[in-house]
Every structure is written in C-alpha cells, then in structure tokens.
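In the two complexes that follow, subunit A is the common piece, with subunit B as its partner first and subunit C second.
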Partner chain A sequence: MRELYSQLKQLFPLGELTEQRQDLAFVTVPQEHLRSLLLHLRDREGFTHLVLLTAVDWLEDNIFQLTYLLTNREQQRTLGLRVMLPRDAATMQSIHDIWPTAATYQRELREMFGIAFPDSPRVDEEFILEGWIDIPPYRRDFDTLKYAEENYSQRPGRVTHDPAEHMKQKLYPGGT
Partner chain B sequence: MKEELQKRVIKGPDGVEFEVEPLRDYYCEAPPTVMPGAYIQIVEDLFNWARAESIWILGFGTGCGAIEMRPLMTPRFDAYRYGVQWRPTPRQANLLMISGYLSTKTLKRAIRSYEQMQSPKYVVGLGSCTINGGMYWDSYNTIKRLDDYLPVDLYIAGCMPRPEALLAGFQDMKKLIRAGKGEGANRYAENFDWYKANQKRVIHDWDMPDYSW
Partner chain C sequence: MTDHAPLFTPDRSQYPAHKADGTLDIDLASGKYLKLWQGPNHPGITGNMSVELTVCGDEVVEGKVHVGYLHRGFEKLMERRTYIQCFPIVCRICVPEPDFNEYCYAAAVEELAGIKSPERSDWIRTLILEMGRINSYMMYLGGQAGSLGLGVIAQWTTYVRDLMLDRFEELTGARIYHMFILPGGVRDGLPEGFEKRMEETLREMESTMQDVYEVMFCNAVFKKRTVGVGYIDPALLDSYGVTGPNARAAGVAKDVRKDHPYLVYPELDFEPVIGHDSDIYTRADVRRRDVLVSIDLVRQILAKMPRSGPLMASVPNVLHWKIPRGETYVRGECSRGEYGYYLVADGSGYPRRVNVRGPSYTHAMTLLERLIVNISISDVASLMVSLHTYPPEIER
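Let's turn to the complex of A and B:
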C-alpha cells in the first residue's frame, strides 16, 4: 500500500495514509481531485470495484465525511478515499458515470444525510422513507427519541432496567 | 399524491378525451359497516365454532417475527394439524399477523391488506415491538402500539416468541373466536374515524383511498 501511496502522492495532493490492515488503507482527498483519482485508480491501478459509498456526520467539526471504498480484486486489497465536505448545503459531484451503482448510494445519502448530488439519476425521488417531514434522519442533530415521542403514541407502563442491577436483584434478592 | 392517482384528462386510443379520477373511479368510498350477528344466538355460536376451526393467515411478514412462522409451516412444528394455514393473498385470509416491528411504510401496506380481507377477520400482534415498540421504542420509523391503528385481538409476547408460543396463541385465538369475542372487524367499523385519524397521524403521505376493499 505504501508503494501505491507514494506513487499517487506524486500525482494528487493526498492526506496522510491510515493503514488499517495490510490490505486495507484510507486516505483523504480534496473534493476537487476525487474524480480524477477515482478514474486513475479504476483505469490504471485495477481498483475496479466500488464496494460502498457512505457518509459520516462529524457534527462537532461541521463536516460530512464521504468514504468511497474501492477494491482491487486481483491484488485483493482495498483503498478507502475520504472526502471532507462542509456540512452546510453539502454538495458533491456525482460519480454515477464511473460506477452506475453509485447512483443508488447517492440517492440514499441524499435522503438520509441530505447531501446533494446534482445530476445523479433519480436522486431526488424517495428512496426508503415515505412522506418524511423532518430533517434527514441520519444527521446527528436529528433527535430520534424526540421525534418518536412527538409522532407516535406510546403505551404507558414501559420501564427500563439496568440489566446488571436487575439480574442481581433477581438472582440474589436481598444479597449483595 | 402520486401522479397516477391524480385526476386528469386522458386521450383514448380512439381519440376521444375523457376524465379519470382514480380514487373515485376505482375505489368504493363507502366506509365499512358493522356486521350484525346471526338472528339467534345458538346459530351465531355455531358460526363461531366453525370460524374458530378455520384460521387462514395472511402470509405477510413485517419484522423479525416473520421468520418464526416458517417453522410452523413445515413439519417440525406443523401448525396445519390445528387447522391453521397460510394464504398468499388477503382475499383468502382471515387472520393478519403483524410479526414484529412495523415501520410506517409497512403500516400503509398492512392497513390496505387488512381492509381487503373479508370479515370476520382477526389481527394478532407478535412480539414486544407490536405491544410497546420493543427495542425500537425510540425509532423514528416504527409505530409503538399496534392497537392504535388496527383492531388487535391478541398479542403474543416475546422477542421473538417461539413457535410453541405461537401455537399456544392460536389456541387462545380459537377460544376468543368461539366465545364470540373475535369482533375486531366490527370494532374497526364502529371506530373507523378514530382508526383513520390515528393512521393518518403517522402516515404523512396518505395517497390511498380511506378504505380499500
């Protein structure tokens, strides 16, 4: 991986390499270089498979992190590309023309995180949710408990036990 | 509302233009009505005895619980020996099992399926998710108590209830029906507005007729 990294580094302004395993590493890419790097990796380096495209909400830093995970089947190694986006009005270029499957991921990210992918096919259609009325539910500032309490009637009488305490009481009533 | 449900003008193959309003044209607007019992109690009892012995479940799985119904359909637990069987369509079923957590999206389909079943019909809630939300109590996406939306006759507790619990539940259901307490469809008809109001409170994109049958 180090070797590949130093080669890539000469071509693209990359961040630090984080090696998780021998065959798995992550690297941060500036948003505007992602596309050319993806094409380079796919066409020159044999990373032909887009494993997944997902997002992380770094609420405290006001950043969305997109992770593009690519695999080189022949060499059996995986490289993750991280792109940091400003959280406000987050927009990213679509890569559905490089990997058509990306369109599905982008639709999901649009719905669950509210990240815009202009020109991605059907990206504005409902994906999993139907008739959603609040902010995108995977954003960390979305309060799921509050939403549930406001929207669904609860059955009274629900209690929560601390499992350790509860079992202690049950197994050794009155004991220590 | 979806485009195909909207009122619009259509040009037929013969060039004649005509107006269609799918929600009016293809669905009956009449709400369900209460079905009176037989003219004499002993006959109603006979009916109930017969109903109790013919439970046909709609094979509609909503949550993890759907997986527990498969062993019941196969030789290991074999629910068929108790006269309980599964059907693939609501028209041929009289028992709707909500088998676990119910997302609002699935609730929509469950309501339509329930309404398309023929009376007398019954609803059983499986697992703690249908009772009080279970481990999805704080989820943004699942309902917390099924009896707000459909007339539940019986709950089977557990997460997940085992097939034995389901078999016991079927026997309890039979007792309820035989005692004349399986009146869910009538309860639904009587409190139709209440049920609809509850359903519409959680289904934000209501794009179906109020009652489908």
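Let's turn to the complex of A and C:
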C-alpha cells in the first residue's frame, strides 16, 4: 500500500497515509481532487468496486468527513478516501456517473446528514424518512432523546422503578 | 442449463421518450400507462419494501423502489451507547441472518481495541456463520419457489430450517437473535453430543435439498419462468456494487471468504460456486449448490476444530471500555454478498460512527430499478426474490 501511496502522491496532493491493516489504508484527499483520484484508481489501479460511501460528523471541529471505500479484488486491498467538508457549506460533487450505485448512498447522505450532491439522480426525493422537517437526524447535534420526549408520550399506566429500590422492596417487603 | 444465450437483455430504447432532463416522458392521462404499487408487504421480499411500477399493458416501463418501512435508526442509536451496549442491538439489523452483524461488529471493535480473539472462538464463529448461511438460503429457496406458485418447497425448507434453529438454540440459547459472538470471543463452547445431532440435521437437509432439486429445479414451469429472465450483465457488476451469489451466477468468483480470507476459512477446503447465465434460474442454482458447500464446511469445521482452549480473550471492564481513536472496515461473505462494518472510534466510550454495508443496499435499489424495466408484472416478484433482498439492512 505504501508503494501505491507514493505513486499517487506524485499525482495528487494527498494527506498522510493511515495503514490500518496490511490490506486496508485510509488517506485524506482535498475535495476538488476527489473525482480525478477516483477515476485514476478505478481505471488505472484496479479499484473497481465501490464498497460504501458514508459520512462521519466531527461536530467539535465543524466538519463532515466523507469516506469513499474502494476495493481492488485482484490485489486484495482496500483504500478509504477521506474528504473533509465544512459543516456549514456541505456540498460535494456527485460520483453517480462513475458508479451508478453511488446515487443511493448520496440520497441517504442528503437526507440523513444534509450534505448536498447537486445533479445526483433523485437526490432530493425522500429515501427513508417521510415528511421530516427537523434537522437531518444523523447529525451529531440532533438529540434523539429530546426528539422522542417531545414527539411521543409514555403509554398510560407505565411505571418506572429504580432497580435497586425495587429489588429491595421485593426481597424485603417489610423494610428489614 | 449452461449452454444457452440470455434470452433477454433490458433495453429501454423502445419505451417512452426521454424529456430534456433525462426523465421518462410518461403521460398517465393518455391511458397508455398505469401506476401500480406493489408492497410494502411484497411477495418478493422478506420484510417491507415497495416498488412503484409504471406499466404499459403488463410490461413494466419504469420501477422505483421505496424503503423506510423498517427504519429503526440503529446507526444513530449506537452513537449513544457504549461498545458493549451496541452488541445486543447489531443482530437486529438483519433478521434472517443476524450473525454477520455480530461477527463484523465484534471483529471491528477487536481490531480497533487491539484484541485478538482466541483460536477456538474463531472456529465456533465460522461454524455459526455457516449455519446462518444455510438458514438464510433455506428462507430464500422457499421464497423463490413460492413467488412462482411452488408453495410446497417453502414448507420443506422451513422444516429443515427449523431443525437448524434447534441446533442454534442448543448452541446459543436462542433461535433467531443469538447474541453469541461478542467482542473478544464467543459466549460458550459446543454442548455435549452437538456433533451427532448436527450430523442428523445435515443429513435431513441433504435429503431435502435433493427433493428441492427434483421438484423445483427440474420443474418445467419453474424453468420456463426463470431461464433467461432477470439477466445481470457481468459488465455491470462493479458499477452496481453486485457481490455474492448474484455476481457468482454471472461467472465472477466474488467471494469474500476467498478474496479477503477471515476467521478460519484459509484452513477449510472449498471452492466458490459459479454459474454462467446470470438469470434467475442460475442465481437460484448457485444458492442451492452453495447450501451443499456450507453443509460440507460445517462438517469440516466440526472435524477440525479444537475441543479445548479459551473462548474469550481478556477484555477491559466493558462498563468503562474506551477505544482509541481510529477507523476500520471489516467484511464477511454472507448469503447475499459482502457484508461489512465501517467503525469509527474517537477515543471515548461510545462509537463515533457505525456504518453497516448490507449487500441488499446496492442490489435492491439501483440494480433492481434497472433490471425491472421491460419485464412482465408477473415476473417482478421472482426477480426481486432472485436478488435475495433483506430490507432491514438497507435502512438500518
């Protein structure tokens, strides 16, 4: 993987390589170089399989990390490309023309993280959620507990016990 | 069944004209087209998913897949739970074959935490994954036959699946959600006499598979409805993220067990099952033969596995378990293709991000929407089953 990295480094301005395993490494790529790097990896280096595309919310740093995971089956190695986007202007180029299956991932990221992928097919159609008007729910600042408390109510008659107190009462009803 | 050319190749050039923005020009008011909804309780799917079909006569001109009926937000829930609290959640992401979630999650956590699971637990993990694979295929075979009116096959396969669930129950204490493979190893060893009872189950299964072959795969109606239908062009495999039996039926030996060996697979003797015609029949046949491979693998595992040794590695106190910052991806070959977990740790006691890569995600969305064009309404269900989709892993 080091050898591939040094070759790519001559062509693209890449960040440091993180070698997680012998067959798995991650590298950070500037946003504007991602498409050309993906095409290079697919067409020249045999990374033909897009395993997944997902996002990580680093709220404290105000960035989204997009992870594009590619596999070269012949050489049994997987490369993860990290792209850092500012959270407040989260827009990324679509890659559905390189891998059609990416359109689904981008649709999900649009809905769950609010990351825009202009020109991606049906990207603004609802994917999993229906009639969602809150902030995108997979963002770190979306509080699931608060949302549940505001939108749902407890079933009438439901009682919550403190486990220690409850067991004490059951085992020693007289309080001894 | 290997020497015929595909009878059918999807071609939408004969169908509605395209508008300037690339979408189809379908005027429902013309009376020529009709919208037809199938789902969310769909005969072609184990779970809830619907397809919005636009039909012209009985031929589909456009299909859109709608998911979201089973969304439970597992990935989000896990960000608010400690690593050990996530362990009983992950298996629920895929009901018919939950063990891959347990394995991939456990292996990802172990890797980031620098823990090596004991050898004996790796053998038991492999055993469980192969047992789960057989069960998943049993459900598939019943569904595939049922989608074409052969209801009796589903009764037979459900019966033998139930026998395997008995083996799961005595090994793990549970029938569906086993919660047995946890970070660090497995919960227990094999019970007394397990091998003998497993051998009886495997023999029963082999006998049933012979019956299934004769009644389903040699059936003229089944052949007529499946040969040449639902063809996946091998050139599409990579661009559409096709893995597992769907890819192997197209002649490409994609199998994570061989491509990226994990657990004890390097010590087992097997070859990936390959087909060539890439239609519904071939995909079903690849899975039928894969069951026989898995039966053989279970026998090999039981014959070769060590009978003594630790089952759990030493792990920190799980209530205060913090995992150093890092990210990894762990994959395995489930019955439907590549299953994987992308795990990001930020140094705290909670995962920063868990992303589940289920094979149905690619197979049931973009691929199905492409394959469904130009087929008959009556073939929609069998096409959907032939991709072997489990919706829970699409929406996690």
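Heads up, the rule we're going with is that the second predicted complex is superposed on the first by the 155 of 176 C-alpha atoms of A that agree within 3 Å, B and C clash if a C-alpha of one lies under 4 Å from a C-alpha of the other, contacts with A are read in each partner's own complex, and residues count from 1 in each chain.
Just so we're on the same page, contacts are C-beta pairs under 8 Å (C-beta built on N, C-alpha and C of every residue); 3 or more make two chains touch, one makes a residue touch a chain.
Note that the structure is predicted; figures quoted are calculated from it, not measured.
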If subunit A is used to align the two complexes, do subunit B and subunit C fit next to each other or clash?
fit
Which partner does A:99 contact after superposing on A: first (subunit B), second (subunit C), both, neither?
second
Look at A:56 in the shared chain and tell me whether it touches subunit B only, subunit C only, both, or neither; answer first, second, both or neither.
second
Scan A:148 for contacts with subunit B and subunit C and give back first, second, both or neither.
first
Look at A:158 in the shared chain and tell me whether it touches subunit B only, subunit C only, both, or neither; answer first, second, both or neither.
first
In the superposed arrangement, does subunit B or subunit C reach more residues of subunit A?
C
By the touch definition at the top of the document, which applies to A:132: first (subunit B), second (subunit C), both, or neither?
first
Once both structures are aligned on chain A, how many angstrom separate the closest C-alpha atoms of subunit B and subunit C?
5
Once the two structures are fitted together, what part of subunit A is touched by subunit B and by subunit C alike?
128-130, 137, 142, 144-145
Within their complex, state which residues of subunit B touch subunit A.
104-105, 108, 131-133, 137-145, 148, 198, 201-206
With touch defined as at the start, can you tell me which subunit C residues reach subunit A in the complex?
67-68, 71, 73, 75-77, 79-80, 111, 238-241, 243, 254, 259-260, 326-329, 331, 338, 340, 342, 344, 352-353, 355, 357, 361-362, 365-367, 370, 395
List the residues on subunit A that touch subunit C in their complex, please.
18, 20-21, 23-24, 26, 48-52, 54-57, 67, 69, 73, 76, 78, 80, 99-101, 103-104, 126-130, 137-138, 140, 142, 144-145
Quick check on the complex: what are the subunit A residues that touch subunit B?
128-134, 137, 142, 144-145, 147-148, 151-155, 157-158
